[in-house]
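Order of writing sets the labels: A, B, C and D. Residues in every chain begin at 1.
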Amino acid sequence: MHNYIFLISILLVTYYMVIVKRLPALISGFRLQSFLLFLITASFAFYEKEAALYIVAVLILFLKVILIPNFLKGISRKIQVNENLGLFLNPQLSIVVVLILTYLSYLFTFKVMTFTDKMQSATFALTLCIVLTGLFIMIFRLKAITQIVGLLVMENGLFLLAVTMCKGMPFLVEMSIFLDVFISVIILGIFVYRINALFTHIDVNKLSNLRG
Amino acid sequence: MLVRINPAPNEASSGAGLIRTSIMAKIVSSILQVVALAAISPLVSGVITKIKNNLRLRRGPGVLQPYYNLAKLFKKEEVISETASWIFSAAPFVVFAASITAAFMVPAFISGYKAGDLLLLVFLFSLARFFQALAGLDAGSSFGAMGSSREMFVSSFAEPAAILAIFAVSLNLGTTNIGAINSLYAIKLSTVIAAISLFMVILAETSRIPIDNQETHLELTMIHEAMVLEYSGRSLALIELASYIKQIVFFSLIGTILLPAFLSCNFANNLTVFAGYLAKLLVLCVVVSLIEVNLAKMRLFRAIDFFSFSFVLALIAIIMAALGV
Amino acid sequence: MILFYILSVPVILSVISFFAKNLKTLGRINAAGHLSVMLAAFYFAITSKLPLNLFNLFYIDALSVFFIFVITIVTFAAALFSIDYINKDVSSGNIKEKKAKFYYALFNFFSFSMLLVPMVSNLGMVWVGIELTTLASTFLVGFYNNKTSIEAAWKYIIICSVGIIFALLGTIIFYYAVSTAGLAKTLNWHQIVPFSKILDVNTVKIAFLFILVGYGTKAGLAPMHTWLPDAHSQAISPVSAMLSGVLLKTAIYAILRFMVITNNCVGTSYTANLFILFGIISLIISCGFILLQKRIKRLLAYSSIEHVGIIVTGLGLGGLGWYGALLHIFNHAATKSFMFFGAATVVKKYKKDNLNVIKGVLNAMPFCGVMLILGMFAISGMPPFSIFFSELFILISGFTQGRYFISGLVLGLLAVIFAAIVYHLSRILFGKKPQEIDKSAETLSTKLSFLFLLVLMCVVGIKVPIFLNKIILASLEILKGNYGL
Amino acid sequence: MANIFDLHLGFILDGLSLFFLSAILLISAPAAVYSLGYLKGHFPKGKIIYNWVLFILFVISMLLVVTVNNALAFLISWELMSLISYFLVVFDEKSEKSVSAGTTYVVMTHIGTAFITAAFLILYKHAGSFDFSILKTAASSLSSTAKTLVFIFLLIGFGTKAGIVPLHIWLPQAHPQAPSHISSLMSGVMIKTAIYGIIRFIIFILGVGSLWWGNLVLVLAAVSCVVGVIYALMEHDLKKLLAYHSVENIGIILLGVAASMIFLKVNLPVLAVFSLAAGLYHLINHAIFKGLLFLCAGSVYNATGTRDIEKLGGLIKKMPYTSAAFLVGAMAISALPPLNGFVSEWLTLQAFFQGALSSTSGMKVFLSISAAALALTSGLAAACFVKAFGITFLAQPRSNKAVEAKEVSFSMKLSMCFLSVLTFVFGLCAAVIFKILVSVSKSALGLEALNADFSLNNFSLAIDNNTFVSLPLVALILIVSAAASIIVIFILYGKRKTRRYNTWDCGYYRLDARNEYSATAFSKPFRIAFSFFLLPYKKTEKIRESFYHVKTFKYETFTTPVFGKYIYAPLLGVVLGIARFMRRLQPGSIHLYISYIFVTIIALIIFMKAF
């Protein structure tokens, strides 16, 4: 039962990330989402008695709840960027679109995928919805940092999927993925600095010198 | 059908044998015929001029005038342009030789062995024309070049009509060799139409109204005369003679196609054939004179319409020949 | 053992790079190291008994060997080409010496990550390896640190990451399918394949969709190709060659691994149709962009999309098409690197990359000009160069299956692309050279890198070497599902 | 699968291949000798070596094309031939004209090759092998749709190389740009390899499927003839003019081939053999005289540095050998007896006539009209060569370049002389040569057993006992009558008296080259007559000193390139328009790019069931 609660709250946090207008709020949303992910992983580890999942949970807590959000906040503070996210779509419309995406995910899960377990169906739909929402953030938010956050949201969705459906990936893979994610966030961060230095903004929509 | 175009070996050898027996006689008679044609060819022009003048109620020069002209020209000194090259001097001989060779292709009053066929005839005259046109360009005068240009223009449109007319005639004959014709051959309506078409081409080829006018040296109208403007003396005489021969060859052709009577297999046996031939020529002379007197010269670009008409006539002839009419 | 040698040399070279004193020596050591890696790979391919399974961590079969071989060849050529290229960059003040060393380090890290992909047995690790290649090459794309290169690098990393996340999604779904089928929980390819028939068909189908889109993004399949022309054109040129020549192929390698499982499970027509769809779309899109291209390196980048399209179409056609596709992977790697070297030399000399501006290359730089002419015809599929044959095999496969429309379309698009490439390149190659450009010759190492690839192009064009043929035929068996090779 | 990789490179050396082989060698030899003198002094040494390497490779590739017995090997050698000839077209790589001509050439020919490839692969699907003999057996079991498809593809493919209208546009651009000995090879033999392809693949391997194939080829051939010669008339670049004549002559060759296809279908095997042999005869003739003419044009270019005939004139006095050779070539191509061009045109006309004689009424008219088209062509060709020869070699020089011309070197003269002699040989020995060609044609049509002989006494060509032409005899009569006229006149009137004087100038005191007729003026009647097709337009420009005084008046006439403007330009426009639309799909926005991935995923999931 508490799993349902976690799942629903993670969905709500994701919605929250769609409607926020400012960068710190978005990053906090991400922190919250990661924290919920940590809780879910930990509870899975507890119920399923998977030792590896404990380590994963700890890593989530360490990396995604603490390190990465702090890093992102540090960047946004340092480059003193306008806190506004830059929206292609206003929050009202955005939430409508994301609701539609949620509906589509459910439709997809129940029509196309053939899960016997109802819980699994719900989880799959939810994670798919989170992945798509991450994509939505990447598409409809202008700033470079929001794209990083969008990417991380998608990744969170996948972690959730791996944990809930398969009880985690093989350990080595899991660790490598963490490493990858961490390196990529750092590299992306470096590029945000560089973009800011060269263009004096981080509005990636304006990066359109290369076309055709 | 196939048998004919694919002679069996024995048939071919028997044909060869036939040729061998009479070959000397044929060669002699052919040469004699050509000499005779060459001899009477200026007369045809003389007669036409005479008839034309009579029709116009003038007296005009005598029928032998072309002979006097030729004799005079042969004796005269030639003036050759400083710009001209050997082409200019060689052209009259080529033209003359081509016309003589063409005369070998056509049965005037003797049918039988020929060196080639009607298609060759067309190309022989184009050989003559080719050199004539080059000679026209050679002196560097605008007149000559203009004549060459127009001559080539007119003839290139005349050629398809001529080929089509020849095809129509030959379809009825079964071969393109007009030498195969003999007195027994029955003419058909399609042949007549083809002959009319051919006649139109001949009018053009012999520089007659409505395409060209032999009587004028007005630069706007002349074609053939412009081309030979630089010539004088002996060369001019040869060219004139060649065009007389060309004319008589064509007339003989038309005469043979339309009236295959008065053709004999050898030269010796009767004079009525020759008389009949002369009569055919006379009729043609009259027709040509009537046309020349009654029509005006066309504008150069109307010539295309003229040949189109001729072309269509030939096409009709072919369709009729295809239907067996 | 050789395997570890192959993997460790790049790492060692990477470390050396930071400590080296002389840049030129560093370049030479680098090239020599990669030469040894290539020879080792060659030796490995001939001698070792396949498949090779090390601690369930590395799994090498003929398919892996084939890709390792392709990667080492292009890496060696790029290392050889780098020597002079980087030297000139440093001496002209384009980059600092420290950065040049950084380049060599990244270069080796990049080649290490690419070599890792075909070696690992775990499909999750394959994903990690491919993500690593992205991370390693991002800095090489943004190497010059100017506006366009940073833009390209940003697009590259973001779009590839998004794509690859879908690949991860697909991998997880695969994993789910495996774990629910009552098998051991594993993502090791050689352990999944024998049981792939009992996997849930629907799940595998969906998983493959995500895999195809995900790795397809990395492979440069249209319409997910959008990062490719930017990244390839902005990357430092030896790396452009590697990106086009082999990076795309590692993604295809990943797709192939999943394809085998999917084919075993749901039959070949499903993947085949998807491949053909993406192949044709890639061909059409690249054709349009090649026609109107203004910049030489972008032209080559779009040509890469075209060739990936051909490869994927060949994979979709099956039979001889598979052979053609694998051969094409090799041929395209050699030829496209060759072309990038040529383009790089030209751009370096003229300091522009606009096709409308460059003139008289043949005149200004005879060797490179001749190479570019040959490459121009090689890349557009003229005999006696190898691409002609691999394309022909794919077409033969299409026609013999009676798929006239698809094969005809491919043939037509290839002809149009040929026209465009010849039009664009002949304009820069011929004509009078501008006054300010003086005639010059290339250094020996550069020439060698050209000739090395040219020999490969021609040799394979005349006859596929026996050993390569053997590897490809064995790989074909693997693609058919006979995994024990 | 593996058997494909081992190309069993075998050779087919039947009559057809041997015929083409000898045709190639016959033209290559004089071209090689010619290039000795042509290149010397005009190009640096390295370039000359480069030329030789390419030349030899070019000849080898052509030889391979006509001798290999495997469609794949054919395809490869075909592509190699195109590639090498491309390098030869851009031999003068600094001229932009060469480069654009080369590009057009290689692109057109590659598109053609794509069609050929498609045709081969369709055949391969049914045969399972590329071997000619296996393809031949497999072709007989092909469905009629597939057969038609293969035919159309082969026709487009080979038609592009042969330069039939409207696929000819590359030809007049590319041929003139190559060095002249290469032009002579390209025009003389390379485009003939396409005819080889048509005969080998459409007639020999595929077999004529239905009557309309022949009709289609016949119509295309007739159109090519006429269009080619009309464009040639309008052209004042000597080599371009010759290139357009190649289009025309390819048309004439194809007339014979097409007639043969028709006769095969209406069950007239003897005639089929005859007309194919006629086509082959024109092929070798065209190789000879077009080779000759290109060599002469090269000599003119070498001596004067220009190919624009409006700037030439009077060269006959400066370059007697070249002009004589050109005259012979011009006479041959204008089909004047007793040279070789006449023989093949006569044979082709006879083929039409005999066909008309033996076939049903509709076909009679069709064949006759084709013959008329041929007649029109030969008339116009004669006009064109009167222009080409007359303006280039006769009258006064029109520019300094022409004044300073000198006769070319010995090796060039030798090659021209050799080919000139060949035009006579192929004219006068027609009966013997035609006998050989008939056997070639029999083997190509698979009618070896047929009893067909078209010669009489070894010196006349004969269809039957009535219809024949004997060129030695014609030549004899020509010579004898010319000689006789000279002798007779001499006997009657004595020695010829001549005087050199100015050309008659109508009383104008200073007649110079500027008063001469120009090539433009010469061809003006034709331009007007064909204005419906050529769409001529003119530009006038007055340069005034004051309002009342026009200092110079510039008058230029142009003809509209109909095919370029109304077929190729719109086609290219459509393709580029689509490409331009596509470009807009990539405006540089990363958000859009990510959404592409998103849309792709969604679309794939929705349509998943379709795969």
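Everything that follows uses one rule, which is that a contact is a pair of C-beta atoms (placed from the backbone, for glycine too) under 8 Å apart; a residue touches a chain by one contact, two chains touch by 3 or more.
Given the structure is predicted, the values throughout are model-derived calculations rather than measurements.
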Checklist line | Chains touching both chain A and chain D, listed by label | finding: C
Next item on the list: Weigh C-D against B-D on C-beta contact pairs and write down the one with more.
Entry: B-D
Margin query: How many angstrom lie between the centres of chain C and chain D, each centre taken as the mean Cα position?
Written below: 45
Checklist line | chain B and chain C: spacing of chain centres that average the CA atoms, whole Å | finding: 77
Checklist line | Centre-to-centre distance between chain C and chain A (centres being mean Cα positions), rounded to whole Å | finding: 31
Item checked: In chain D, residues with contacts to at least two other chains -> 583, 586, 590, 594, 597, 605, 608
Item checked: Contacts with 2+ other chains: residues of chain A -> 112, 135, 138, 147, 204, 207-210, 212
Checklist line | Residues of chain B touching at least two other chains | finding: none
Item checked: Contacting chain pairs - touch in the sense defined above -> A-C, A-D, B-D, C-D
Next item on the list: Note which residues of chain B are touching chain D in the complex, please.
Entry: 1-2, 4-7, 9, 11-12, 15-16, 74-87, 93-94, 96-98, 100-101, 104, 115-117, 119-120, 122-124, 126-127, 129-130, 133-134, 136-143, 145-146, 148-150, 152-153, 155-164, 167-168, 170-171, 174-177, 179-180, 229-230, 233-234, 238, 300-301, 304, 311, 315, 318-319, 321-323
Next item on the list: Can you check the complex and tell me which residues of chain D touch chain B?
Entry: 268, 270-271, 274, 313-314, 316-317, 327, 331, 334-337, 342, 345-346, 349-350, 352-354, 356-358, 360-362, 364-365, 368-369, 371-376, 378-380, 382-383, 385-387, 389-391, 393-396, 451-453, 456-457, 463-470, 473-474, 477-479, 481-482, 485-486, 489, 492-493, 496-505, 511, 513, 515-517, 521-526, 528-529
Margin query: Under the stated contact criterion, what part of chain C meets chain D in this complex?
Written below: 154-155, 158-159, 162-163, 166, 205-206, 209-210, 212-213, 217, 223-224, 226-227, 229, 269-270, 273-274, 277, 285, 287-289, 291-292, 319-320, 323, 360, 362-363, 377, 382-384, 388, 392-393, 395-396, 398-400, 402, 404, 407-408, 411-412, 414-416, 418-419, 422-423, 426-427, 429-432, 463-464, 469, 473
Next item on the list: Please name which positions on chain D make contact with chain C in the complex.
Entry: 1-2, 4-5, 72, 75-76, 79-80, 83, 90, 93-94, 96, 98-99, 102-103, 106-107, 110-111, 113-114, 117-118, 121-122, 124-125, 575-576, 578-583, 585-586, 590, 593-594, 596-597, 599-601, 604-605, 608, 610-611
Next item on the list: Can you check the complex and tell me which residues of chain A touch chain C?
Entry: 112-114, 131, 135, 138, 144, 147, 151, 154-155, 158, 161-162, 165-167, 169-170, 172-173, 176-177, 179-180, 183-184, 187-188, 191, 194-195, 198-199, 204, 207-210, 212
